[in-house]
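Next, two complexes with chain A in common: one pairs it with chain B, the other with chain C.
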Partner chain A sequence: MRAAKRGKTVLIYICLIILAVIFAGPFVAMFLVALQANPVVSAKDITLELTLDNFARVFKDSRLPRWFWNSVVTTVVVTVFGTFFSSLSAYVMAKKDFPGKELIFWLFLAVLMFPAHAWIIPMFIQMSRMGLVNTYWPFFLSGTSSAFGIFLLRQYIEQNVATDILEAARLDGCGEFRTYTRILLPTIIPGLVTLAIFLFIQWWGQFMFALIMTTSNDMYTLPVGVALLRGVAPSNLRFVMATTAVAVLPSILVFVFFQNYLMRGVAMQLR
Partner chain B sequence: MIKGKRLEWTICYLFLLPNIILYLLVRLIPFASTIVLSFTDWQLIGSPNFIGLKNFVDMFNYPVFWKAFRNTLMFAVYSVPPSIILGLLMAVLVNRDLPGMKLFRGLYFLPYVTSIVFVAVIWRWLFSTDTGLINALLNRIGVSSVPWLSSPKWALLSLAIVAVWQNVSFNMLVFLAGLQGIGSDVYEAAVIDGANSVQTFLYMTVPLLRPTMTVSAIMTTINSFQVFDLAYVMTQGGPLDSTYTLVYYLYDFGFRYMEMGHASAVAVVLFLMIFSLSIVQRLLLRER
Partner chain C sequence: MRKASRVLVLSLIAAVLLSGSVFAQTKIVHWSFPMLDNEMEVLWKPLLEQFNAIYPDIEVQIEILPWAGRDERMLTAVVSGNPPDVVYLNEFFLQTFASRGALEALNNYIPEETLLARFPETLLGTGKIGGNYYLAPMLTGVVTNIYNRNIVEAAGWDVNNLPETWDEFLAFCADVQKWAKENGQAVWPVAYSASMEDTLNMTWFPILWQAGGDIVTEDGKKAAFNTPEGAAAMQFVKTLAEEGYIPESMITAGGGTDYFIGGQVAVIMGADAYVIAEMRDRDPKFDSYAVVGPILKGKERVTYTTLGAWAIFKNANNPEAAAKWIEFLTRPEINVQYNRITGYMSPIIGAPRLFADDPLLGVMEEQVQFGRGGMTISQERRVMDVLKRAQQAVMLGESGIEDALRSAEQEVNFILR
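Let's look at the complex of A and B:
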């Protein structure tokens, strides 16, 4: 019985390790190519002669620093304001009653169902008329409201914030906005972090939207810049992989540090 | 009292104001405009003329539209069932307390947090027929090279493999949450009754998770209908249009040929496909 149980545990670990190779292997391969000291044309050229020079090269000789900066600005603004605006709406949707609440709820729900292609053509036309293509504004305008965020936080507030506390604060003479900043926000920090991570990952990787809203090399975000690297010769594979590795790294770091929050958020998506 | 209520309501609307303004500006008005544009021949210059259903009639007469339509459906057929089934099996596998389990779950989740574009760039090389890593490994164990991305027969399937690789951990996590909701007493009862692990999986886990599986399948299908990034980066819709999808068609007409009317018509068709699935999903969620 004990032996059978140990055999089963070993089998489980073998499965776990095979899966780990499947899911993490491509990233290892990416870093391995990015670190190659000699040009790589095919997979057979990979050696253990490693160097960090490729990273220095792509930072010096390509537009990577600029793309990185564009990605940082758009993602950070969208994440901060997206979380803030969502928490404002979620608060009153969860804890207040007012005329038109149902209507507004349905409006948000409808927005949640609109896939990007359903609005992106007129939005592009509007942005180009206003001269905002190739600026950060399309990202700010489009990203800072998140229907998913409103639903996530509304649910979080309903489950974790007692109405009594808010009432008590008001009886103590707190105004609505003070109640929101002093009482509500501190109690929903885990929810805010979860949403912020979602927004970060979503906008760090945003592709089609960025491809359409930017046409100049200087305004590309990382996904667009990396996707359009494809013109380069195969012998430059290690530079392509070095650029991709730099682009991937921030989302991996965010994930490593906030894994628990992210996983909780995923589970909430289906409730 | 009435006055106090008014004030409170006003404050509520103020809280909602940023979202409402932005939604009107960048979602609802553009969405309504998409529908209007789909009945015009607008090409970004000049003024739009109302042409009734001509865009839709044209579209349904273009063989390349049907090609894109078929590719999109086939991509869903290739990618959704494996993503659900593997996601479920993985959830069962990782749903236990063993040392290092958190690390494994984290590793499986890496592809999901990585932008699909970066994933596509990596896999474009892994799948490269002559220079890629996967064929090199296959050759080493004596298997001849597979034309992953260079053959029209394989390309769409290869993209589906990458899509599953990227999103299966999302489904794993959803099912894991479901499994943890079931509770161990049900399983203990089954084990006492002499059920083995395959039996408990087939006759207990699967039926208990069926509602979650349905919703998850619909979400995965909705996402698969919007496939574009993978095709754009890995195959540019080729070879021979074998990975040309509906969103790719929309992108080409709207942002390369500047046929805004025609592109909007595609957007409407795609929206209807996705919207009907969303409605089904909402209804199922409500039933629960």
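Let's look at the complex of A and C:
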């Protein structure tokens, strides 16, 4: 019986190791190629002769610092304000009753059903007419209103915040906004962190939206800049991989440090 | 005194406003896609300086966009009615935009005689619809065959007398195969990719054209490859597979450069300047054994040429200024300057040779005369995918030539309906 249990555990570990190799393989390959001292065209060319020169060149020869800054500004603003506004809407959707509430919530959900290609052109026309193309505003306006965020936090609030506590706060004289800041927010911090991580990863890697809304080299975000460099030096795989490594590193770090929240977020959606 | 100062101030304001209107610049936006590192400084800045010396009143704003997602980016701009004035297009985008009425006819702004005097009619004709020219060719590149000198000579052939026709090519393959067998060499005669990843522009389409066939009818409304010529072209690649002239893995996985660099094939078909650059990068001795062979001739001697061109969008803010910019860019001396820097070949009639000192690119430059562009229909990629599957099925022996061409024809006609 014990042997059978041990065998099962070993089998699970073998499967997990194989999956880990499959999923981590591309990232390892990316960093390995980025560190190569000699030109690489195929896997055969990879050696253990390593250097940091490719990373140095990335920062020296390209507009990467500027693109990095654009990505930081857009992602941080979207993450902070997107989380804040989502929590406000989610609070109302979860704990307030008003006519048409369900309809409005379903309209929010309907937004999630449309692929980006369906709304990106109307969005571009809107931004273009407002003269906001090639600025940070399309990111701010689009990113800080997240239907997914409202859905996620509504689920979280419904499951974790008792209506009685909110009513007790009101009886004690708390106004609506004070109830929200003093009672609700501290209770839903894990949900807020989960949403913030999702928004961060989503907007840090956002390519198509950034590509459509910017045409100026100075306004490109990292994903667009990396795509630009890939076009300039497709045969210089080391340079391309070093740039890509710099671009994905923040997302990897966020994932590594906050993976528990991410798992919780996924579980929340499945409930 | 106060009156005098008022007059002075008003005069100054008037002068400033007047000078503003005198020197008001017409601004045009030009979308290009990355060609080289530090492109603004190396390529565009000198060109803009020369242009502004002639047209000081036109300001050209160059915007370099990534290749990735360019279809979506351009379509969004066109559909939203906010496109740039000038854009870089390849020939396969022509119908996508022309069919939406999104391009300006260049001959409305640049005299047709000027265009015809600058470019070969075959190349200019690639961008012609209904008597109007929409594309001003800027750069070109040719697809050719690269031979391994060592294997060619070992098989008893002369690098100065390489195969010119299909028959000679198949005879060459047989000789290489025989030599490899007799000498126990793991060498195949040809690297030819039928992988779904690789474009047919560099593989089967040139063979189809060499057979005298075509992919779609001239009006782009029907398949044109299910013909004796199409069957001959399919038979040619079937022979390569059936006789074991190509490594079997190449039918599904491609990877011709690996075989060529590894000294495992005598010739790589469908190589362009980019492939050469890649192999040079990988093997410093590449030039010592690589030789460019003739463009093969079936009924015709023809190959594929890439076409990079400028076009003006219909909703351009300043089409006249855009046309002046394009006219400037396609001046022979400017075009040569552009291609010398970007490393492409010039499509201009009588342009000086840019790669005369390069033993490989120099020969390819002379082969541009045998080139023609690919399909210019908006369904180009979908049609190509159908034919990729047909070719692969034939080469793998999963389908007969007749069946493969017939079912591909039905599918393509459905796509083009």
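Miscellaneous remarks
Here, the second predicted complex is superposed on the first by the 249 of 271 C-alpha atoms of A that agree within 3 Å, B and C clash if a C-alpha of one lies under 4 Å from a C-alpha of the other, contacts with A are read in each partner's own complex, and residues count from 1 in each chain.
To be clear about the criterion, contacts are C-beta pairs under 8 Å (C-beta built on N, C-alpha and C of every residue); 3 or more make two chains touch, one makes a residue touch a chain.
Small disclaimer: the values here were computed from a predicted structure and weren't measured.
If you put the two complexes together on chain A, you find that chain B and chain C bump into each other. Of the two partner chains placed around the shared chain by superposition, chain C is the only one that A:217 touches, whereas chain B remains out of contact. Within the superposed three-chain model, A:39 lies in touch with chain C and out of touch with chain B [touch as defined at top].
Once the two complexes are overlaid on the shared chain, A:58 sits clear of chain B and of chain C alike.
Once the two complexes are overlaid on the shared chain, A:157 sits clear of chain B and of chain C alike. By the touch criterion defined above, A:207 lies against chain B and chain C together after alignment on the C-alpha atoms of chain A.
Considering which of chain B and chain C touches more of chain A, the answer is B. Contacts of A:183 after superposition: neither chain B nor chain C is touched.
Contacts of A:124 after superposition: both chain B and chain C are touched. Aligning on the C-alpha atoms of chain A brings chain C into conflict with chain B at a single listed stretch, 189-197, out of 189-197, 333-341, 351-359 or 405-413. Residues common to the contacts of chain A with chain B and with chain C across the two structures: 41-42, 44, 117, 120-121, 124-125, 207-208, 211-212, 227, 229-230. Those residues of chain A lying in contact with chain C across their complex are 39, 41-42, 44-45, 61, 117, 120-121, 124-125, 128, 133, 207-208, 211-212, 215-217, 224, 227-233, 235. On chain C, the positions that touch chain A within their shared complex are 29, 31, 33-40, 63-69, 72-73, 76-77, 79-82, 84, 257-258, 274, 277-278, 281-282. The touching residues of chain A, counted against chain B in their complex, run 9, 12-13, 15-16, 19-20, 22-24, 26-27, 29-30, 33, 41-44, 85-86, 88-89, 91-93, 96, 98-99, 104, 107-108, 110-111, 113-126, 141-142, 144-145, 147, 150, 176-177, 180, 201, 204-208, 211-212, 222-223, 226-227, 229-230, 234, 237, 240-241, 244, 247-248, 251-252, 254-256, 259, 262-263, 266-267, 269-270.
Within the complex formed with chain A, the chain B residues making contact are 8-9, 11-13, 15-16, 18-20, 22-23, 25-31, 33-34, 37, 44, 90, 93-94, 96, 98, 100-102, 104-111, 113-126, 130-133, 135-137, 165, 169-170, 173-174, 176-177, 212, 215-216, 219, 222, 226, 228-229, 232-233, 247, 250-251, 254-255, 260, 263-264, 266-268, 270-271, 274-275, 278, 285.
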